[in-house]
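The following blocks contain the structures, represented as structure tokens.
First chain A sits with chain B, and in the next complex the same chain sits with chain C.
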Partner chain A sequence: MKFICSKENLLDGINIVQKAVSSKTTFPILEGILLEADDKIKLTGNDLEIGIECYVEADVKSPGKIVLNSRMFGEIIRRLPDAEVLIEVKEKDVVVIECESSLFEIRGMSPEGFPALPSVEKVNGIKISQKIIKEMIKQTIFAVSMDENRPILTGSLFEYKSGTLTIVSIDGYRLALRTLKPESQVQDYSMVIPGKTLNEISKIIQPVDEELTIYATGNQILFDLGNCTMVSRLLEGEYLNYSGIIPKEHETMVTVNTKELLACFERASLIIVNDERRYPVNLEISDDMMVITCNTEVGNVREEIKADMDGKKLEIAFNPKYFIDALKVIENETVNIYFTTNIGPCTIKPVQGDDFAYLVLPIRK
Partner chain B sequence: MKFICSKENLLDGINIVQKAVSSKTTFPILEGILLEADDKIKLTGNDLEIGIECYVEADVKSPGKIVLNSRMFGEIIRRLPDAEVLIEVKEKDVVVIECESSLFEIRGMSPEGFPALPSVEKVNGIKISQKIIKEMIKQTIFAVSMDENRPILTGSLFEYKSGTLTIVSIDGYRLALRTLKPESQVQDYSMVIPGKTLNEISKIIQPVDEELTIYATGNQILFDLGNCTMVSRLLEGEYLNYSGIIPKEHETMVTVNTKELLACFERASLIIVNDERRYPVNLEISDDMMVITCNTEVGNVREEIKADMDGKKLEIAFNPKYFIDALKVIENETVNIYFTTNIGPCTIKPVQGDDFAYLVLPIRK
Partner chain C sequence: MSSSMRRVIFLVDMNAFFISCEMANKPELKGQPAAVAGNPKNRSGIILAANYDARAFGVKTTMLIHEALKLCPGLILVPPTHNLYARKSREVMEILSRYTPVLQQNSIDEAWLDLTGCDLLFGEPLAIAGRIMDDIRNELDLWCSIGISDNKFLAKMASERKKPLGITELWKKDIKRILWPLNVREMYGVGKQTEKRLNEIGIMTIGDLACCDANILTNAFGKYGNELKKLANGIDTSPVTANPKGESKSIGRSTTLSKDIVDIELARSVLLRLAEEVGEEARRSDFKGKTVSIVIRYSDFRTITRQKSIPLSFLTRDIYRTGCELLDENWDSNKPVRLLGIGIANIDEDMPDQLSIFDVNEDLDDEIKREEKLERAMDQIRSRFGSDMLKRAKLVDGQKEE
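Showing the complex of A and B:
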């Protein structure tokens, strides 16, 4: 294998596929990037949960394959001058990297043991702007459960049904839901993507208008960005019936400024220096105001915020983290919050439309 | 005590004095900021190594003193809206913090136990631009020793002699020296400031042209920034005679581009993944070129760099970290490097003048 390509293009590719390379593993090959030279260069990273392939323009002198340790290869390319880089495999898997007056010889690994990416048939694809899918993941991923006892909840549901794509995360105390009606129409599907891989995928997707295509098959999902594709395994099992969880009725509804409410919750939680469960934040909802209070051994805090109320007055208590996480990712200037009783779930929704819903369970006092 | 001041001014003051507040201590009062209201507000942080005082403009309604936990106080003020803040001490050291519709009540501590800052007589002061003293600290602090067995080397020497201020750090393997001829002339002095406090001080000093004044007395140094003063204790003992360490003669001298040489050393050290001492970086100096090589179990690297040589050809080996640390803080485009023998020290100096000197000991092979 021998090829010449620009340092910049090569580094861009490495930075992307590195997201799918294991950093801690007992199999050195999984810490590697597979380089394949044909008419272009293909880089592949695969940690067996997520796999990423990336094509890089290059002048290929002779085809071939090699696996290089991802960290070492990335560091070397990153530090090279901004110029053409020559990469050549010599005898015994020794790889020469040459750029201007720098010359490296490092040991590569045989590509034999490198796990192939699962093949996903490119049918039933939805086109969505990268910016929007990145936002949708950000707005739901924080509610993914960390509890390995219920593995299905450690992922987010991706459901396409009757023209709407819905992403849902539930961790037992709260739910985050985001919907979109993409222009492309496909067959209905429902699958659960591991939270860890969604996190990596959202780092690769850029906040740009260019579209990517999402292909879903029985047990894989593929994000196709053109030069680069990401495949993720899915979580097996039945997801919760989220639509049954979100209350249809309410006793109290308030309309409130999103950023101001976030600031109130953030300040109120400052005096919780120990365990958040022992010290809930209290909400007292009346005609045109919400009073938010918290008392701990450190002191007490009282916040007032203007709120248009509809329905009954209410006193209710929450873990402030759950409100803070949701309010942080809402772009809308104002939101509606729907309360059932002081022991029933409350739901944050947009003032218009049904783009999102954040459900939070209160703390019983 | 009761006063009103702007959130912004108060936060600026807190951010500065927090640099002198202990984060881990068994004395809660040392984790606090002393607030004193008189005609202005004075904030004080003191971890017994470094003490910082900062004045903040305020409308003082009644004078008084209180100590507040630094982290809690800082977090609360940081999260308040950008508006006027009222602070008032109530009964039993309870402190009320009020800002728009936010109201905090937190427990303060009696100011009795708070350690007073040492008083430093403001005579014999040198005026230096903040930008320059910040740069001088940055260019010498990295060579401060971490070895507590020779406590005097865990600080930097500040020496004023015959119109020149010299800062020197030595860790046993290398030396960093930076000089300046300030306009103000004072009596000669020599003192050793702990590296840890220089690090904090350099964070507070801004890269601006405004001057600060350095006052030195027998056992304290004071940096006076006008609204804010920092006092540091000194290290006791005799510093090394640095001028005897720097060789006056050389056998080989090269002139080389600083940034390019830095990049060569950084790349060469990439393949040292274990212990730096086991794998030195080799320099082979000939007429118009330096060849830098390194061989480890990972592979090998060879770098060539243009270098104007004067004197004898030489092969010598170094711990690359020592070169990298020095080259990173040199602003000059080119530098001269003076070599004695392949077991004697080498010195990096400016092409013109004597603003700095970096001495590095080679590794015997």
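Showing the complex of A and C:
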């Protein structure tokens, strides 16, 4: 194998596939990147949870393949001058890396043991702009659970049902839901993607208008960005029936300015210096105003915000972090907040439509 | 308080607590035979608590659902809502604490009160007991029985005499007549195992135990033997110790191994057995912990403790799983271990009560709820039939650790 490519392109490819390379594993080969030269070169990282392959333009002199330790290879390429890089495999898996006046000879690994990416049949694909899917993931991933005792909740649900794609995360105390009606129509499916891999995937997706395609099969989900493909394992098990969790009725509804409310919560939580679970933020909702208060060992704070109320007056307490996380990712200028009781769920929704829903459980006083 | 003053100790025991909480919440259950059952949809579940209408048909705690339905075809089955019971229990304790700050909660549905010297404030013990019973009945729509004596053991034994809605005094002068003819199994503190061993040395009744030669008991049970004899004679000097509020609380178990061990698999089995005991006690007292700790003492007596945070839990599964993680992280296979321990703790119980989706959607199919039901059912079976009745496969013979 022998090829020449630009350092910049190669480094971009390495940075992408490194997101799928294990840092600690008992199989040294999983700490490697597979390089394959054909008419282009293809880089592959695979930690068996997530697999990423990425094509890089190159002048291929002779085809072949080799596995290089990801950290070593990445560091070497990163520190080379911005110029053309020549990579050649010699006898006994020795790899030569040459760039201007630098010359490395490092030991590679035989590509035989490298796990192939699971093959995913490219049918049933949904095309979505990269920018939009990146937003949707960001708007839901924060509510993924860290609690290994409910493994299914450590992932996000991707559900396609009668023309709507819904992403849902639930950590037990809150729920984040985002919907989209993509133009492509596919068969209904429901799958749960591990939060960790989804996070890596969203880093690779760029905030650009170009589309990617999402293919779903029984055991894998594949994101196809053209020059780069990501395949993630799925979590097994039944996800919670999220639509049953979101209340259909409410006792109190307020309409507020999203940014102003976010600012109120952020200011109120300034005096929570230790542990936000310990100090709830209290909401007192009356006719045209919401009063937000908080008492901690530091002192107390009171915030007033204009709010159109419909229904009963209510006093309720929350962990402010749950509201802040949700309000931060909402782009709408105003939102409706629906309350049931002071020990029941509260849901933030758009004033019109059903693009998103953020449900938060209160703190019992 | 002078030391000569006679102590006045109450044991307040809530009658058919779980099902009564359900009846207070759902009045339509009143006057009907009803029971809280492990999983009513599954006919092999067990009865956790039956109301008195159901008991009239012969329905008893730990009975299998289909057996209960055979006795009482009209039996209404209600799934358990432990949050409700924990809340009602707190409300009961609040009422009790109006009468004395010296209150020791023994389980979710019973507590000892030390009312020594309170007669000037509230009246004679019988009158106070009547007021407590009325308060709980009027404010919470729940029934209780109250035992009165001058120590915790006799108060507990007295409370068992008349249920529901009984107020019973039991003093040292009455024990020959009332306690001694009873089977030892009826004695508070004597479980299935102890009963078996007492029977083996010819002790059948509490009277046999009271009159037994102290040496025989010490030989058979060690120090505990003497304790048992004293209790059977109505002697119990243990104080009512108020449950500390807002302070750290913990439940732990440790064991000195009969042989030093180096095998981590063996250590895991030991931890599992201990975690089962810790979990059982934690569930019985509705105490959820947020840290799990393990203790490892090596044969050279060097001892380490390591701990890890978990989401609030009282499940054996979580205690054991976290214990194993700690073991894996700290196990040194070159050093023989002579003692292992595991426990859970909660640094403060004053943490506000963040509600979860699983609290407000009771019918949500959830693996943690299922695990809790399973472990509670195991607790019930063990408390009824002895702890050897049910064993985890890991602890069945062949995996003997000591």
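The rule is simple: the second predicted complex is superposed on the first by the 365 of 365 C-alpha atoms of A that agree within 3 Å, B and C clash if a C-alpha of one lies under 4 Å from a C-alpha of the other, contacts with A are read in each partner's own complex, and residues count from 1 in each chain.
Just so it is clear, a contact is a pair of C-beta atoms (placed from the backbone, for glycine too) under 8 Å apart; a residue touches a chain by one contact, two chains touch by 3 or more.
Predicted, not measured: the structure shown is a model, and the values here were computed from it.
Using the contact criterion defined above for the overlaid structures, shared-chain residue A:L103 touches chain B, although it does not reach chain C.
Of the two partner chains placed by the overlay, neither chain B nor chain C lies in contact with A:S243. When the two complexes are overlaid on their common chain A, residue A:T164 makes contact with neither chain B nor chain C. In the superposition on chain A, A:R150 makes contact with chain C only, not with chain B.
Touch criterion not met for A:Q206: it reaches neither chain B nor chain C.
In the superposition on chain A, contact of A:N274 is made with neither chain B nor chain C.
In the superposed model, A:N219 makes contact with neither chain B nor chain C.
No residue of chain A lies in contact with both chain B in one complex and chain C in the other. Listing the residues of chain A that touch chain C in their complex gives 147, 149-150, 170, 172-173, 175, 238, 240-241, 244-245, 277-280, 317, 319, 343-345, 359, 361-365.
Residue ranges of chain C in contact with chain A, taken from their complex: 310-311, 313, 318, 351-361, 364-368. Those residues of chain B whose C-beta lies close enough to touch chain A in the complex are 72, 75-76, 79-81, 94, 101-107, 263-264, 266-267, 270-271, 273, 298-305.
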